Amino acid sequence: MKRRAALVMAVAMLVGCQREQRDLRLDPPVAAALDQVAPTANGIGGAPPDVYVALGGPYESNAYNLGEGKRLYTWFNCKGCHADGGGASGPALMDGWWRYGADPVSLFVSLRDGRPNGMPAYRDKLTTEQIWQLVGYVQTIGMASATTAAPSRNDEMQSRPAENRAPAAADLPTPPSR
Amino acid sequence: MRLRHLIVSVLLPLAAGGCAGSQSALDPQGPNAASLAWLIGAFTIVCGIVWLLVMIVVGVALLRRRGAAEPADTPLAEDPGRERRKGAVVLAAVLATVVIVTGLTVISYLATHSLTAASGEPLVVRLRGYQWWWEVTYTSPSPDRFVTSANEIRVPVGRPVRLELSAADVIHSFWVPSLAGKQDLIPGRDNQLTFTAERPGIYRAQCAEFCGVQHARMALVVVALPPDEFAAWLDGQLRDAATPANEEEAAGREVASGKACAACHTIRGTPAAGTLGPDLTHVASRQTIAAGTLPTTRGSLAAWIADPQGVKPGNKMPMVPLSADELRAVSAYMASLK
Amino acid sequence: MRERVCADLSGLPLHGKGTASPTFWGTLVFMLLEGSGFALMIAVYLYLRSLAPAWPFGAPPPDLWPGILVTVLLLASLVPNYCVKRWAGHEDLRKVRIGLVIMSVLGIAPLIVRGFEFAALNVSWDSNAYGSVIWMLLALHTTHLITDVGDTLVLCALMFTRHGPNRRRFGDVEDNAMYWVFVVLTWLPIYVCLYGPSWL
Amino acid sequence: MTGIPHDLRDTEVDRDTVERRLAETWRTRRGFWGAIATVDHKIIGRRYIVTAFVFLLLGGVLGLLMRWQLATPEGRALGPDLYNQVFTMHGANMMFLFAVPVMEAMAVYLVPLMVGTRNIAFPRLNAFSYWIYLAGGLLLWVAFALDMGPDIGWFGYVPLSGPQYAPGKRADIWAQMITFTEIAALAVAVEIVVTVFKQRAPGMTLDRIPLFVWAMLVTSFIVMLAMPAIMVGSTSLILDRLVGTHFFNPAEGGDVLLWQHLFWFFGHPEVYIIFLPATGMISSMLPAFVRRPVFGYLALVLSMVTIGILSFGLWVHHMFTTGLPRLGESFFTASSMAIAVPAGVQIFCWIATLWDGRPVFRTPFLFILAFFFTFVLGGMTGVMVASVPLDTQVHDTYFVVAHFHYVLIGGAVFPLLGAVYYWYPKIVGRMMSERLGRWVAGLIFVGFNLAFFPMHILGLQGMPRRVYTYQADLPWGPLNMFVSLSSLMLAAGFLLFFIDAVRSARSGPPAGDNPWDSPSLEWATTSPPPPYNFARIPVVTGPSPLWENRDELPVASGLRLDRREIVITSVADAVPEARESSPRDSLWPFWAALTTSVLLIGSIFSPWAVVWGSIPVAIALIGWFWPKGTPEDEA
């Protein structure tokens, strides 16, 4: 009984810590290792770096990293082309139906190296850690259901349903009421 | 105002200034802060006297009946006449409280009035709070003479300065104790603060409203200059960034405009035109970097660029991987941006 | 300590009625604290309204019919509610049973209309602050409506069991009726907030 | 059911039988489930008090951690993220999990005894309240252990606590912990009001109510009028974060300052929710140690009521730097100053009590004297921060930190510690050590003043609050080191207090019924009191019943022994009206609290938790209120 309680507690600790911990300073060697993705030949999908797996995919489930990703999405004007995920001159992100797939490595490569037809490379504008944070956030935009770690609405004029109302695509033309 | 001088001279020893500039309500360097210091002194003296009186009465009450009393001693009977007389004394004490409290309210109200009454055409400076730095914009009747800087406000001595306060993200509070009381910067609301510096000097200011993980390292300095010096300085700020004087600095400019730096920072006269972080056009002319965290030297610039998250964990400046040469060059260049 | 018996309380009733019942006071005190919750929520509403350039903003005004229907149903329910309270005071089991059945129906009916009322607000809670505050006002009142209807239903069921004929139950019915009046009365200021004229 | 003949009266049998039968009827069953099911206000009150003191201990450790970090400039003991969690936890824990609950806990234990009844009104609600409080405390501390501790300050200002700037669930945990503690506090407030209104012993007219009970009555009303404000606030915040409402989003018509209004409309009365019970404790303890009734009973009652009313008119003085209209601010200066008057009335009345008294220098009295010294000083700095212009210099600095610790520790914790020394023998049956007590009082008093007085100066020297570090070139280093070292002395005092409290429970000298020869009713029964409190309900003939009847206590008889019976009296004159029953032990409050906790915690993660979670809550509540056919159900 006691051991089982301890086990539950330990699992809760791991989950809680991973979801909420804030690693404010990423060690430079780790950051460098995070850059070592191995995309497939066609640039869609691929193997994440070993260190990414070893860290437990912190950019997909950690609330702080997702929040930072959302900030970068605004700061680096992803809105300019993708709008709030609804799509404009760039493709929509909210529908989760993406040209190069939803795989994190694929997204990382898209952001870092750019893609044909207008997606610029952010290699020299963002650090590896920031690109990963954006990858994590962009994935939540296209999700079928919100994760509990996903960021919520911003303090600004609302042009899209909040992230925690996923699947957001279905709600895109906001109905007047429920 | 002899009393004022007395109070100030009593309080002054408590207000030792640091080398970053004084940051103390007890070391007033402008009329606002001076009348506040006077008010603090007056309240302290009145309240101190009241407190002392109460303590003396408690002490006397305890001593006058000091004896080896025991819990089991029979309760004392009350003498109605005596209780009535005590009632009168208590009533008098209450009335005295009312009088004192009213008096303090009145002087506080008068002080408020004297603070809001400023004379002369003010210099209008816009101060915008970000997590965790300050953007400073000097306004002018002609829009092409607006100057944007960061983490340092320069003001002319003797002229009132009106700060127009706004916040970009969360609530901050601007507080330069040697010159004025604090005023909050609130998203969605516009606030103002007017103050005057009486003497040239460097006055440290700090964010006083908890604003997140680096609230502690969100400071700035107010530098008061003689009016002509201020005008000359402002003209200097209008100019574009200094051109590199040697090869190393030129290489540094390449790094600053080619690497991630340019995505967030503006260096006027170079391709770097980001608006997310502080304007760096004249960064080396400022006293401190990273919102009052480090003094501006080439060494500290290098340390900051190399490891911003080690110096100020959680701030929004990422650790951009640079080679040793790049770091040396870019810090040399930054140090040249006077 | 030695004791000296100076009063004999054996003649007192086993349960006090009205102000002699702690439950009555408990209900009253709950009404006070919930009332202060309502008052604060209305204060929030008025505060946000005072800041807004136009009201309602960013949305068409709500449709009126569901709100009017709810109000009429609630006000109408006050009559049988008063009767139930009286009958409970007289400890008339048969009439109280009938009354509680009527009150259950009259409690559920406005709840159903309330569902349409949310739709008739013409704004979503996450559209803007106006939407948020009127949804919250309506939801706050609906919560009270649901709890009191739940209470009425349970009491109604209880009156048909062996526990029904008991002075304590009749007291509960009276307190429940009193609380229903509170639920109806708190609706009126909220109604004015939601649907009142724009000059308000 | 219990083998007691039906309708047996205490007039029909001898005293021993009365006590045996009553003990049988009122006792709490042994074992785990018996302990869970109990509704005895003494057992629950004891639990409440112990739990609150555990939170005090934990909060104190957090305080020491902060002092460790701040002892030197550029300290490296805690990082900024952890420091922010620690100071938020310290504030939230001390306010919501210690200060308010401990006062209510003392009332849960003492009020029924002081008004001469056998249990608190709505005892099952009381049990529910404790479980909810415990769940709220566990929520906060477990979250902290999981690195999910709130880091937004105990005041949780938006937008920093809002959806954009507080990622994750840290802020939600803070907001929901408030919901827990407010439910618990509101429940106790309801119980206290009804207990005081309807369950006072026959003859305890309004002018004979012990002053602690008066204080708790006024406090309960403040709780009921102020706490809904924070419930509205925290609910709005959770909705903003969870379902994207816009209460605090200025871009969509919300307002950032709305939060501050709501928070301080609760937050300022909160100070009096903590302070008024403490003044009640002083007024109730003082007679025993000066050997005369307290001076100015009516003035004391009226000043408490006045404080209660005025406390709702000063919330804006926490917002003097937000740029509100000057005229309004001046009004709030005046009202904040005005509250000094009723507070002064209380001080003067106590001094007038001392003046003719014969002081007995025992530990509780030492704490009362420490209270005078520190609280009056804290009141003086309170007058200072009430002034708008002055506040613009000291607001959010260490001056304010010093001020409110003077008011809360000096004004509430010192009386509370005195009260623990004073009522401990009643609760436990044994005395605490007088020798250790003097050390405790001395260490805490001196340690406190050494630790907190310099903070006034630090604040005036420009040190802001809530900073995790400061630079070496600022002149704050030496004083901060002094403060940190002094805090060790304060901590030593508290450690000694806890040692004394634990040790005395086993080995303290037996206390007897009335060790201090106090005048109020709780001392008329044994120490610790039996489950039924009073074998026969006392009849009150004056404001100091045990002094007016030093040999024989007048009592009333005629109550039944086979059911839990209490006397209901009229509100003003305490004329007996009914022999009401008091509920039996029940597990349902525990299940209701458990299901409510699941609902509230679930609603941090999904709004659907409210819908699905309300079903088990409803089942538990129906189980709670469904009659069980016990003698208590007779009418």
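Observations, loosely collected:
In this document, chain identifiers A, B, C and D correspond to the written order of the chains, with residue numbering beginning at 1 in each.
Keep in mind that, in the parts below, contacts are C-beta pairs under 8 Å (C-beta built on N, C-alpha and C of every residue); 3 or more make two chains touch, one makes a residue touch a chain.
None of these values were measured; they are calculated from a predicted model.
When the C-beta pairs in contact are tallied for A-B and for C-D, the bigger tally goes to C-D. Per-chain CA centroids place chain A at a distance of 38 Å from chain B.
Chain centres here are Cα averages; for chain C and chain D they lie 31 Å apart. Centroids built from CA atoms put chain C at 46 Å from chain A.
Separating the centre of chain A from that of chain D, both taken as means of CA atoms, is a distance of 45 Å. Shown for chain D are the residues that touch two or more other chains, namely 79-81, 159, 164-165, 240, 243-244, 246, 249-252, 255. Residue positions 126-128 of chain C are each in touch with at least two other chains. Each of the following residues of chain B touches two or more other chains: 187, 213, 313-314. Pairwise, the chains that make contact are A-B, A-C, A-D, B-D, C-D.
The touching residues of chain D, counted against chain C in their complex, run 9, 11, 121-122, 186, 189-190, 193-194, 197-199, 202, 224-225, 227-229, 231-232, 235-236, 239-240, 243-247, 249, 252-255, 258, 261-262, 265, 513-514, 524, 535-537, 539, 546, 551-559, 567-568, 570-571, 576-581, 618, 622, 625-627, 629, 633-635. Chain A meets chain B in the complex at residues 22, 24-26, 28, 31-32, 71, 75-76, 124-127, 129-130, 155. Contact residues on chain A toward chain C in their complex (touch as defined above): 153, 158, 161-162, 165, 174-178. Within the complex formed with chain B, the chain D residues making contact are 79-81, 84, 151-153, 157, 159-160, 164-165, 250-251, 255-257, 287-289, 291-293, 295-296, 299, 321-323, 326, 329-330, 333-334, 337-338, 340-341, 344-345, 347-349, 351-352, 354-360, 362, 369, 372-373, 376-377, 380-381, 383-384, 387-397, 457, 460-462, 464-471, 473-475, 515-517, 519, 544, 547. Residues 12-13, 16-17, 19-22, 24, 63-64, 66-68, 148-149, 151-158, 161-162, 164-165 of chain A touch chain D in their complex.
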